[in-house]
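Below, chain A partners chain B and then partners chain C, in two separate complexes.
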Partner chain A sequence: MNAYEWMQTGFLFLMLLALVKPLGGFMAKVFQGERTFLSPLLAPCERLIYRVSGVEPEDEMGWQRYAGAMLLFNLTLFLALFVMLLTQHLLPLNPQQLPGFSWQLALNTAISFTTNTNWQAYSGEMAASYFTQMVGLTVHNFVSAATGIAVAIAVIRGFVRRKTSLLGNFWVDLTRCTLYILLPIAMIAALVLVSQGVIQNFSSYRTVPLVQSLSYDKLKLDASGNPLKDASGKPVTESATAREVTIPMGPVASQEAIKELGTNGGGFFNANSAHPFEHPTPHTTFIENLLILLIPGALTHTFGVMAGNSRQGWTLLGVMLFILIITFGVLQWAESSGNPMVSRLGVQSSNMEGKEVRFGLAGSNLFTVATTGTSCGAVNTMHDSLTPLGGMMPLSLILLGEIIFGGVGSGLYTMLAFAIIAVFVSGLMIGRTPEYLGKKIEVQEMWLSIVTIIVAGVMVLMLSGIAMITPQAVAAMANPGAHGLSEVFYALASMANNNGSAFAGLNANINFYNLLGSLAMTLGRYVPAIAVLAMAGSLAGKKYVPPSLGTLPTDKVPFALWLTLVILIVGALTFFPVLAMGPIAEHLTMLGGI
Partner chain B sequence: MSKHTQQPQSVFDAALLQGALVDCFRKLDPRTLWRNPVMLCVEIASVITLITFVMSLAGANSEPAWFTGTVSLWLWLTVVFSTFAEALAEGRGKARAASLRKSRTDVTARRLDKPEFGSIYTLIGASQLRMGDYILVEASEMIAGDGDVVAGAALVNEAAVTGESAPVVRESGGDRSAVTGGTSVISSAIIVRITANPGETFLDRMIGLIEGAKRRKTPNEVALEVLLIALTLVFLLVCVNISPLSSYSVTVSGQGEPVSLTVLVALFVCLAPTTIAALLPAIGIAGMDRLFQKNVIALSGRAIEAAGDVNVLLLDKTGTITHGNREAVAFVPVGGHSEQELAEAALMASITDETPEGRSVVVLAKQKYQLSREMPPDAVTVEFSAETRLSGVDAGGQQYRKGAADSTIAFVQKLGCMVVPGDLTGVVDRIARGGATPLVVCRDCEILGVINLKDIVKAGIQERFLQLRSMGIKTVMITGDNPLTAAAIAAEAQVDDFLAQAKPEEKLRLIRDYQEQGFMVAMTGDGTNDAPALAQADVAVAMNTGTQPAREAANIIDLDSNPTKLLDIVEVGKQILMPRGNLTTFSISNDVA
Partner chain C sequence: MKEIKPAILLLIIFTIICGGIYPAVVTGLAHAVFPNQAKGSFIADSRGRERGSALIGQPFSAPQYFWPRPSSTTDFAYNPLASGGSNAGPTNPDYLKAVAARVKVYRDSGVTGPLPSELVQASASGLDPHISPEAASLQVPRVAMARGVSEAVVRQLVAKTTEDRQFGFLGAPRVNLLVLNLELDKLPK
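Coming up: the complex of A and B.
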């Protein structure tokens, strides 16, 4: 790494660490209903919302009601978006007159945005109108993020509260999260992005002449649109010249800000954050990267503050940072080593295929680990073009269960489930009573934590097996072999873990991926959410056991190391065989030069 | 009632082993095995490999028969070993209930026609006794059934039920009239009205309670099981997943061959946490060995493991928290008598008393009041009797007596003194409230004062409890004393809670309550009345001097009969937990490898 890259990396993490405490503390205040500096402005809005929607803010809910409200809210959102996508051609703000989505694609997309996955089996500029992007997708970016945070807050309350069944009011948490946290930050971020050149307009797409006209071989099509083939079966081509290009426009900045902040990741354009209108300069790399990590990182501090011991939060953040930095290191090493097959040709270079030169190696790699460690899934790099071991890093970060910062809220609650398992196993190993934050870990908590952490993994394993024996899924693979396996695996892992980024190289808009993917996204989102809420309900009902000599301290370095180990072991045990047949096999093939 | 000669059952009893050997194959039935999902998976894997083995033999499979055969054999051994261990444990449980039933001995009773001494009686078996019958029980006879004493008073040895060797007085009227079947009369004769039909007696109730009491898995064990099931499920999927992936890779690359079923099954069994399931008993045996060095016999390895998870200790007051015997700590004079005068009289009244309490009075009188009276030559010992409930000495023409307040007052009133010192009641009450026993001393018809007999809390026990508390273990004192006395001793010993006037049902309920709250309960006991609670407790330590039912119900037996050992056992249990953790670690790192 050169000095610029060190600076890029160091500045990002220092800035993040500097912001965790103020933002985390602020969020704790917001969710505990305390007065903040935004209260004079927003408290009246908040009250108005409650009055209009008939929410009784003091009416706290048990876990079942909380989960019920969460599901009801998400179901409504899903239906609204589903209908909107199907009927897009009838709705306003559609200068390109884009048609409605097919029902399978609409289903997949609606579920994808409701579950904070933002898997996109369509390309934004080709399929979605401005209305869909703004009223549909951007709104979902806000509320799906707020849903995740609300659940995480309810889970924290479960740890903190004693002998009660109440976890707070879902509608209040949702409102406060959106009003006090997401909207203000997204608003500022959107303005900053516009200042960097991110566009924000309602214009129809522009057609501009190319500076240099482009000649290429074009497939000749018959009357029914199929490629013509000559006698030997090769497609017939004809020479064509392109002299102009269509440039898509749109209200990008407003969606871009929340896309990163809410770890959503659904790009306005198909190229996502690699597109210059989404992500024009190295400064936006820093800003967008920071936005991705900001809330998941700060939530650990919110957790610490609400638990009355901020070290508990720093411990979790430490674990997240540790794994993130390690994976970044490996990725950076793999990418700067490049491909030996290319080197053998006499070209000494790091692997810049699929990367944007304006972000550089470190800028691309940082974004890659941040977007996969969190469940964001925005990409500024073609993940498919990473070296095999490099590509294994984002894949591994997703497979670990989206806990290395993780999705907003979901990262924290899944991490807490891991912490519970770590506490339990270490309790067995050293003869300590399994307690976390003064709450006894019992059978129910074990069940629910395990469900929380293995749902996604189980689905990835099952679906990848099914994919390999489904002819349609095999046919959709553009790169057969080990790399193709990695692509399928990445796609399924991305959906099941609600990440949403893709390795590409795979035609995902087929029924197999649209439908099974929808199932994976739904289960991957709501099963853990309900499980952790149930766990919170169970924990809240317990009494507080003051720490004794027999209690394992969970706010110290040894526990952080232990937790890291548990996370890595669970991940390795589950996915090693698959990783071996995908990226590792590909890496060995690459070294062997076969 | 059998005497305490039978040794605790050996872990490897031949008959038990045989029964287990048969049972372990019966337990291979998947319908039984599904409660242990990990093993069920292994069994299914065994069946699959057996099929591939048969296929190899028939030549329908490309793999060599020795390979599939060996894999299959090992898998079957794994399953059978685990079911065998379980069958053995169950066999022990059944043996326990059977032995309890045996302890219902059928004694012969003398049924009286009328509830009077000297009435005509008929000899009948205890099982023919019905509620309302009157029976006569004389010295050194066993009481045939539960009932109330309606005439006479006797010293009754209730060791068979309570495990306490000191005999107690049972007499007609008042609250000391109840007697229990299976206890024996030591002196005097009593007439007992039977209050329970056969099948409803104390012993039957105990058997019922024991059968109802079920020792459960420790919460940590259950939680560990959850983890293991989850791991098994994941590994199962991993192995299932390898198959299509490998066939795909083979198809695409056109070389190698897909991973075979036998290899997948073997891989799954290696990965799955069968190690823990199979090796946990071994840890138990190591723990049993360690406890044996402390003169403690553990009847199952699980008991020791559970000891490590214990967080509530139920401790018998007597012997564990206090020295078994009460000691005189003060002389409190009444009615204007001096302390010295009282001390002298108390010394005289106890000079021939060989009970620990009596000796402690002598010691106190000699040490604190420098009295050195030799026994007068004309001293005549008056033994404690069930009728008077006083003991003392007649010497120099004077009668020195000591006893409970009401008996002493009765004694002096019989001698003709109607006046009782006015401050006596106050002093007696004050001492009783302090958790001690007041013994009133009189010389002839003059009441001199009160001896304060105190339960002496063992030295250093408070520190020990403090240490336990810091380990997160709660201590509960169990005593037959009244709540007042119990509270005073509990406060002095600094236990966290106490249960006074404990009855078998209450102990059992207390344990169940704690268990429902997720606590692991350990207790010690020695009497048959402790047996139900012992059978329910997660860690049950019986004294070797205890009754047979108690020892059968327990899962740990202390050969030294030292109740304090429970604390040691818990400590050993904590040490044992570590290998369990190490094994988990081993299993996981095994998988990683």
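Coming up: the complex of A and C.
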């Protein structure tokens, strides 16, 4: 790393740390219903929304009702988007006259955006109309993020409240989150992005003449649009000349801002955040990177404030930062060391395949760890083309369960499940009843924590196994050998953990991945969410146990180290064998030559 | 099931706010304050004809132009309707063959020494408008010879179109090739 890259990295984390406290404190106020500086403007809107939709804000819910409202809302979201995608060709704002989605792709995409995954088996500029992007996907980006945050807030209330069954009102949490937190930040961020060159318009695609026209071999297509093949199975081509190109347009900035802020990650264009219209300058790299980490980071402080001890939050944030920085270091080392098989051809060492010049190595790598540590999944680098050990870093961050900052809300509640497991294991070691934040951790909490952290991992391993014996799934690999396994494994890990990024060579728009992926995204989102809500319900009913001499302090460095170890051990035990067959095997191949 | 009513109504309300009002306000403000950026940063040549977006690269291959990075977009290189990378894995034999072929093109044009990686490795978007100043520098002799102008003139244009790290430390220094090649075309013949 050169001095500039150190500065760039340091500046990002310093800005993040500087914003955690004010934003985290602000969010605590919002969810505790206190007045904030936005109240004079937004409180009337909020009351109007409740009146129109029939919500009684004082009507608090127990965990079953909270979970039920959350699920019902998400079902509504899914159905609305599913129908919108199927009927896209009948809806307005479709200047390119794009057709509707197939039902399999519509199912996958609707679930993907409802579950905050934003896995995309379609190409934005070729398949989605402005109406779909703006009225469908952008709205889902907001409310799926708000859903995750609402659940996290209910879980915090479960820890904090005593002898009650009530966790708050889902509709109120959802509304406040969208109005007070997501919309204002997204609005400002979108304008900053436009200032840098992110487009925001409703024009039809623009055709311009090329400065130098280009001769190329064009694939010949048969009547049904499939490539023609000759007798030996090679595609038939004819020579053609491109004299002009068509440049896609659209309301990109408004979607880009919430896509990063809500850790959604679904790109307006196929190239996602690598596309110059989504991500035109190094400044936007910094802004978007910060937006990705902002809310998941700040929620740790919201947790600390609501729990009455902000050090509890800083401890979790410390663990997240520690693991994120280590994976960044490995990735930066791997990518600057590059690929010896390419260097041997007379090329400098750093790996630039699938990267953009304007971001530089550090800008690409910081974004890569941020987008996979959180469940964002936007990419400014093609993860498929990372060096093997480099590519193992985003993969590992996903496999750890999206807790290294994690998705907005979901990162925090999954991390809390890990904290409970850490407390429980250490409690067993020192022979005391485990407690966390003054609540006794008993069998039920343990069960629910284990369900929360294990469901995605079990699905990833089982579905990868099924994929490997399904010819259709194997044929979708774009690269041969160990790398192909990494592609499949990454795809299923990404969907089960609601990340949404990909080793994108894999041809994911086939029934196998569309349908099994839909299942993985749904279970990966709602099983943990319901489990933590159930746990919150159980914890809220317990009385407060004041700390005694035998209580393990969970707001100090030793606990942070212990928690880090527990996370790494659980991750390594579950996934090391697959990692050895995929990226590690490929790394050895790369060093030894073919 | 008394939650069905808020579920449906809140979705409608948020669709109006987040899917209607929010993008409309952003669009309105963007066009008032940054109209050029919001429309796509299009640039014109010396005769005032629109020649593309400064943010979207183009597939130059003639010797008198600076060559951009390889692009893996479908149909043809730098096809803006098909943004995306090669997604080639680092040990993929087809990928290594493609890189070797690209190296050969530069060797044939007279470039020696280790090549900057971005010149022979495809970008993530397939539309990367930039290369590093180093990668531009080693193309200067070819461009100058093809145009029959002195290397100093070409170098001056490269220096003029080089963008430094933003705010002095963000990202990497880079040369925008559409801008640079349009500048070259403005040189007196």
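As a convention for this text, the second predicted complex is superposed on the first by the 576 of 594 C-alpha atoms of A that agree within 3 Å, B and C clash if a C-alpha of one lies under 4 Å from a C-alpha of the other, contacts with A are read in each partner's own complex, and residues count from 1 in each chain.
The criterion applied here is as follows: contacts are C-beta pairs under 8 Å (C-beta built on N, C-alpha and C of every residue); 3 or more make two chains touch, one makes a residue touch a chain.
This is a predicted model, so every value here is computed, not measured.
For the composite obtained by superposing both complexes on chain A, the positions of chain B and chain C are free of clash and fit together. Vertex at the C-alpha centre of chain A, arms toward the centres of chain B and chain C: the angle is 160 degrees, rounded to a multiple of 10.
Once chain A of one complex is fitted onto chain A of the other, the partner contacts of A:Ile441 are limited to chain B, with no touch recorded for chain C.
Set side by side, chain B and chain C differ in how many residues of chain A they touch, and the one touching more is C. Of the two partner chains, neither chain B nor chain C is touched by A:Lys229.
Using the contact criterion defined above for the overlaid structures, shared-chain residue A:Leu210 touches chain C, although it does not reach chain B. Contacts of A:Arg35 after superposition on the shared chain: neither chain B nor chain C is touched. Of the two partner chains placed by superposition, only chain B is touched by A:Leu428; chain C is not. In the superposed model, A:Gly363 lies in contact with chain C only, and not with chain B. Of the two partner chains, neither chain B nor chain C is touched by A:His89. With both structures placed on the common chain, the touch criterion links A:Gly481 to chain B and to chain C. Put simply, the nearest alpha carbons of chain B and chain C end up 13 Å apart when the two models share chain A. Shared interface residues of chain A (contacting chain B in one complex, chain C in the other): 480-482, 484.
Interface of chain B with chain A (complex): residues 219-220, 222-224, 226-227, 230-231, 233-235, 237-238, 240-249, 252-253, 271, 308-309, 311, 469-472, 518, 574-575, 577-578, 580-582, 584-585, 588, 591-592. Touching chain B in their complex are the following residues of chain A: 421, 424-431, 433-434, 440-443, 445-447, 450, 454, 457-458, 461-462, 464-466, 468-469, 474, 480-482, 484-485, 545, 548-551, 569, 572-574, 577-578, 581, 585.
By the touch criterion given at the top, residues 3-11, 13-15, 17-20, 22-23, 25-27, 29-31, 33-34, 37-42, 45, 49-62, 65, 69, 75-93, 95-96, 99-100, 103, 107, 114-118, 120-132, 165-167, 169-172, 174, 178, 181-182, 185 of chain C touch chain A in their complex.
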